[in-house]
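Mind having a look at this structure? Questions to follow.
Note that the chains take the letters A, B and C in the order they are written out, and that residue 1 is the start of every chain.
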C-alpha cells in the first residue's frame, strides 16, 4: 500500500545523512528526548507538579494563601475513613462506573455488530447514535433534566396524556442514580460503538473462514474468534470508559447536584463540595488522592487482566 | 503483528453475529429504531424549546413542538453577547489546541512506539497515570502556576496546558505500533532519520487515527466550560460556551435563552460533525485500534 | 505527505497569535481601572451593568469593568486569586453572606474605612442592618450589600378565584388551609423548593417561632417547638401533597409559571419571569406567625480585595454604589429593594408595587444561618438532606435529632 510512496521520499533525504541524533552545544542528544519533550514538559508542569502539590495539601488543614498551614499528617485520610458521606460517594461512584461501563460495552458491542456492514443506512444510523457524543455534558444535563421533570417535562407530559402517573425520576432517591446512569450511557454509547467497530473491522477475514471450516456456529465465532481478537480494543475501551466514569462530575452536577439525599453524590462531586464550597482544600485533596489511587489500582488490574503487554 | 497490512481494515466481519440471527433482522431494527428516537428526541426538544415561550413550554409539556413561536432567545443572545468575538475565541482555543495537541501527542507516541530509550516504560506509565487525574484536583495549583507565568487571561494560558493529552498519546501509540516496522527499516536503509520516518511514513499512514483524535478533541475543547472560565477573566477572552453561562441565573432561568444558547453552540459542531463524520464514524475503523 | 510542515506552520501561527495578543498591558496613566467579579448572571445582570456604566459615565477618573461569571467559577478561583495577591479589586465572593468569614481566614479582604455620613462616604448607618451585621467582624466592616432581597408570597389570582379564595392568607392557619384547598389533581397549593434555591423552609419554621441554630451556634432544630412545626409542614407535604418533593428553586418557579402551583415563597427576581409566562399573580406579605411577621432576607456581599492597588477609589465606588441615587435607580430596574433604609419615602419607589412590597418586609427579615461557622456546610450537608428526609416521610423527631448532632459537630457548639 505504501512502499512505493515512501521510498522516493526517503531516498530524497539520503544526502542529509543519518538523522539519528541531534547535536546541541556538542552534546549528542537522544532523538527520543526531542520527540517526547513537549508532551513531557506539559505533563510535568501542568499535571504532575499540581497533583503532587495536592498530595502536599492533603497533609494539612490547608487554607489557600495562609502563611501558616496547620499540619495534620494523615489526619484528613483518617477523617475520610470515618466519613459516611465518603463511603456513600464511593459506593455511588462504584455503582455508576460498573453499571455504566458494563451497559455501554454490551449495548455498544451489540450495536457495533448490528451496524458493522457498510451500507448507507448503517452509516446514517451510526452517525445518529454518535451524535450525542459531540454535545456538551452541561447541555445534555440541562435538556434531560427538563425532559424528565414529572410536572413540566416531556416524559411526564406524555405519561400524563396517556393517563399514567408521572414518575419523579430525579427527585426519587432510588431512581435518580439509574436515571443519571441512563443519560450517561445514552451520551457515550456512540463513542463506545465506534471504538468497538474499529476493532471488529480489523478482525482478519481468514480467521472467520478458518473457524467456519472447522464448523463453528455464530455463537462460537463470537466467543472464540471475535472477542479474543478484539481483546486489545475491548481493553482500551474499558479502560477509557472506566477512568472517565470514575471521574464523573458534570452530568451529575447539572442533573442532580449529587442529590436527592446524596443518592447520586460521587467522589468528584464530594470533592468539589469540600474544596470549592466548604473551602476544605486539604480534605478535598485527600479525596482526590484516594480517587487517584483507586483509579490507578483498577487500571493496573484491568491492564493485567487483559494481559496488556501482549499487544506490543 | 504478523498480519498482512492489507488484511487490516479491509475485511468484512462475518455476516451476522449470533445476536442478529437469534433475534431476526426485523426485531433488531425495531429496537434500533426506538434507540434512534431516544437519541434524537432530546435534540428536537432542545431546538424547538429554543423557539418556545415560557408559557407554551410549561403549559404544554407533552408537546414536542412549539404552539407559538418566539425568537426572543436568539435576539437576547445576539444583543447581549459579543457573539463573533466569542466564536473567534472558541475557534482559536479549540483549533489551536487541537493542532498543537496532534503534533505533540504524535511525537510522543512515535517515541513510545518506535524508539528505545531509558525511561520509556516509566513515561508510558506516566502517560497512563495522567489519564486518571480529574481536572478538579489540579485546578487551584494550575491556576496559581498560570498566574506566576503571567498566562491568565491569555491565549497561551488557554492553549498550552491543554496541548497534550494522555488519551491521544495512548491512542496514537496503539495506532503507530500496528504499522509494520519493515517500512521504517526500508526508509532507514535509504538514510532517513527519525524525523523523516515520523513525518513521511508514520504520520501519513495514521491519517484516520489523527483525524479521529482531532475531531474528538476539537469537540471536547469546543464544549469545555470549566477551563476557559478559570483561565479567562475578561469577557473578551471568553469562549462561546463560557460566555453563554451568563444566561443561567442563580434565581431566574430563561429557558428560551438557555436552549437557544445550547443550540447555537452546538450548531458549528453539528455542522463539522456532518462534514467529517466519514472520518470518525467510519474512519475510526482504521485507526489500527485492533 | 506534507502533514508535518502543515502542522508546524499551524503551530507557529498559533504561537505568534498567542504572543501577539498577550503583551498588551497599557501603561498606568489615565483613569484608575478597577476590575470587579460578580456572579450576577441571568435576568438581574442588565440592572447591575446599567449601574456600572452610570458610574463610569459620571466618574472620569475611575473606570470599573465588571466580569460576570457563574458563582461556581468565582468560588473556584477567587480564593486563589486573592490569596496570591492578583485577584480583582472588587468582587462578590458568593451569594452566601457567610462566605465573608472564609475570606477573612485567609486575610484577603480590605477593611472598609471610608464610612461616614457624607455623600461620598459609605453611609453605614443607612444600610440594611442585618447585612451590615453579617459583614462586620471584630468591629470592622468588610463588605457592603451588593443587593438585598426579601421573600414574599406570590399567589396565582386565577387559581385562588377558582378555589373561591378571595385574599392571600393572613395567618399561618389560613396559609395551611389555603394550601390544602388549592391542591387538586396534580396541582399544588404551594411550590416549595428544597435545594439549589434560596431557602424557603426556614421561613415556615420561623412562623411557628422555631429555628435551626441559636445565637451561640448550637442546633435548636430538634427542639419541641421546631419538631412540631416541621411535623405539621412535613405532613402537609407527605400526606396532603400540598407541595412537590425534591424540587430545585428553578423547578419550583416553573411550577408556578405553569400555573401548577398556586403559591410560592420567592424573591423579587421572580416577578419578571412570572409576568412573561402570563401568570396573573399577586405579591403579598408572608402570613403572620406567632411572633408577628417574619421572612427571609438574602444579601450578596460586595468586598474589596486586600491586594488592590486602589483602595481609595474602590471604596469611593462602594460609597457611590450604595448611595441614594444609584440605589433608587437599581431598585426600579431590578425590583430588588434598595440596600438603604432611608429611601422609604422616595416617591418613585413607593409607587412601584413590587419594590415597595419587598422593601416593606426588610425590617422584619432575617438572614439564613447568619454568623454560623460552616454555614455553607450546614446547609448542603445537613439542612438540605434533612428537609429531603422529612418530606419523604421520615420521622421528624428522629431526623431532627440526627441533624442537630451533625450541625453541632460542624459549628463546634459545646452547649
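Convention: a contact is a pair of C-beta atoms (placed from the backbone, for glycine too) under 8 Å apart; a residue touches a chain by one contact, two chains touch by 3 or more.
The structure displayed is predicted, hence computed values, not measured ones.
Undergrad: If I average the CA coordinates per chain, which chain comes out farthest from subunit A?
TA: When every chain centre is compared against subunit A, the largest gap points to C.
Undergrad: Does A-C or A-B have the larger number of C-beta pairs in contact?
TA: By the number of C-beta pairs in contact, the winner is A-B.
Undergrad: Approximately how many whole Å separate the CA-defined centres of subunit A and subunit C?
TA: 36
Undergrad: Could you put a whole-Å number on the gap between the CA centroids of subunit A and subunit B?
TA: Between these chains, centre-to-centre, one finds 13 Å.
Undergrad: What residues in subunit C touch two or more of the other chains?
TA: 1, 76, 79-80, 84, 254, 258, 260
Undergrad: Residues touching two or more other chains, restricted to subunit A: which are they?
TA: 5, 9, 64, 149, 151-152, 160
Undergrad: Do you know which subunit B residues sit against two or more other chains?
TA: 58, 61, 103, 140, 198, 200, 204
Undergrad: Which positions of subunit B touch subunit C when the two form their complex?
TA: It is residues 53-55, 58-59, 61, 80, 92, 96, 99-100, 102-103, 139-140, 143-144, 147, 150-152, 154-156, 159, 198-200, 203-204, 207, 210, 226, 229-230, 233-235, 245-254 of subunit B that touch subunit C.
Undergrad: Please give the residue numbers of subunit B that touch subunit A in the complex, ascending.
TA: Those in contact with subunit A are residues 3, 5-9, 11-21, 28, 32, 35-36, 38-43, 45-46, 49, 57-58, 60-64, 103-105, 107-108, 110-112, 115-117, 120, 123, 126-134, 136-138, 140-142, 145, 160-161, 163-164, 166-167, 169-171, 174, 177, 183, 186-187, 190-198, 200-201, 204-205, 219, 223, 225, 241, 255, 258-259, 262, 265-266, 269-270, 273-274, 277, 280-282, 284-290.
Undergrad: Please give the residue numbers of subunit C that touch subunit A in the complex, ascending.
TA: 1, 72, 75-76, 79-80, 82-84, 102, 105-108, 186, 195-196, 244-248, 251, 254-255, 258, 260, 374, 376-377, 380-381, 384-385, 388-389, 392
Undergrad: Which stretch or stretches of subunit A touch subunit B in the complex?
TA: Residues in contact with subunit B: 1-3, 5-7, 9-11, 13-20, 30-36, 38-40, 42-43, 45-51, 53-54, 64, 110-111, 113-118, 123, 125-140, 142-144, 146-147, 149, 151-154, 156-158, 160-161, 186, 190, 194-195, 197-206, 208, 212, 217-219, 221-222, 226, 229-230, 232-233, 236, 240, 243, 246-247, 249-250, 268, 271-272, 275, 281, 285, 288, 291-292, 295-296, 299, 311-312.
Undergrad: Residues of subunit A touching subunit C in their complex?
TA: Checking each residue of subunit A against subunit C gives 5, 9, 63-66, 85, 149, 151-152, 160, 166, 168, 170-173, 257, 259-262, 273, 276-279.
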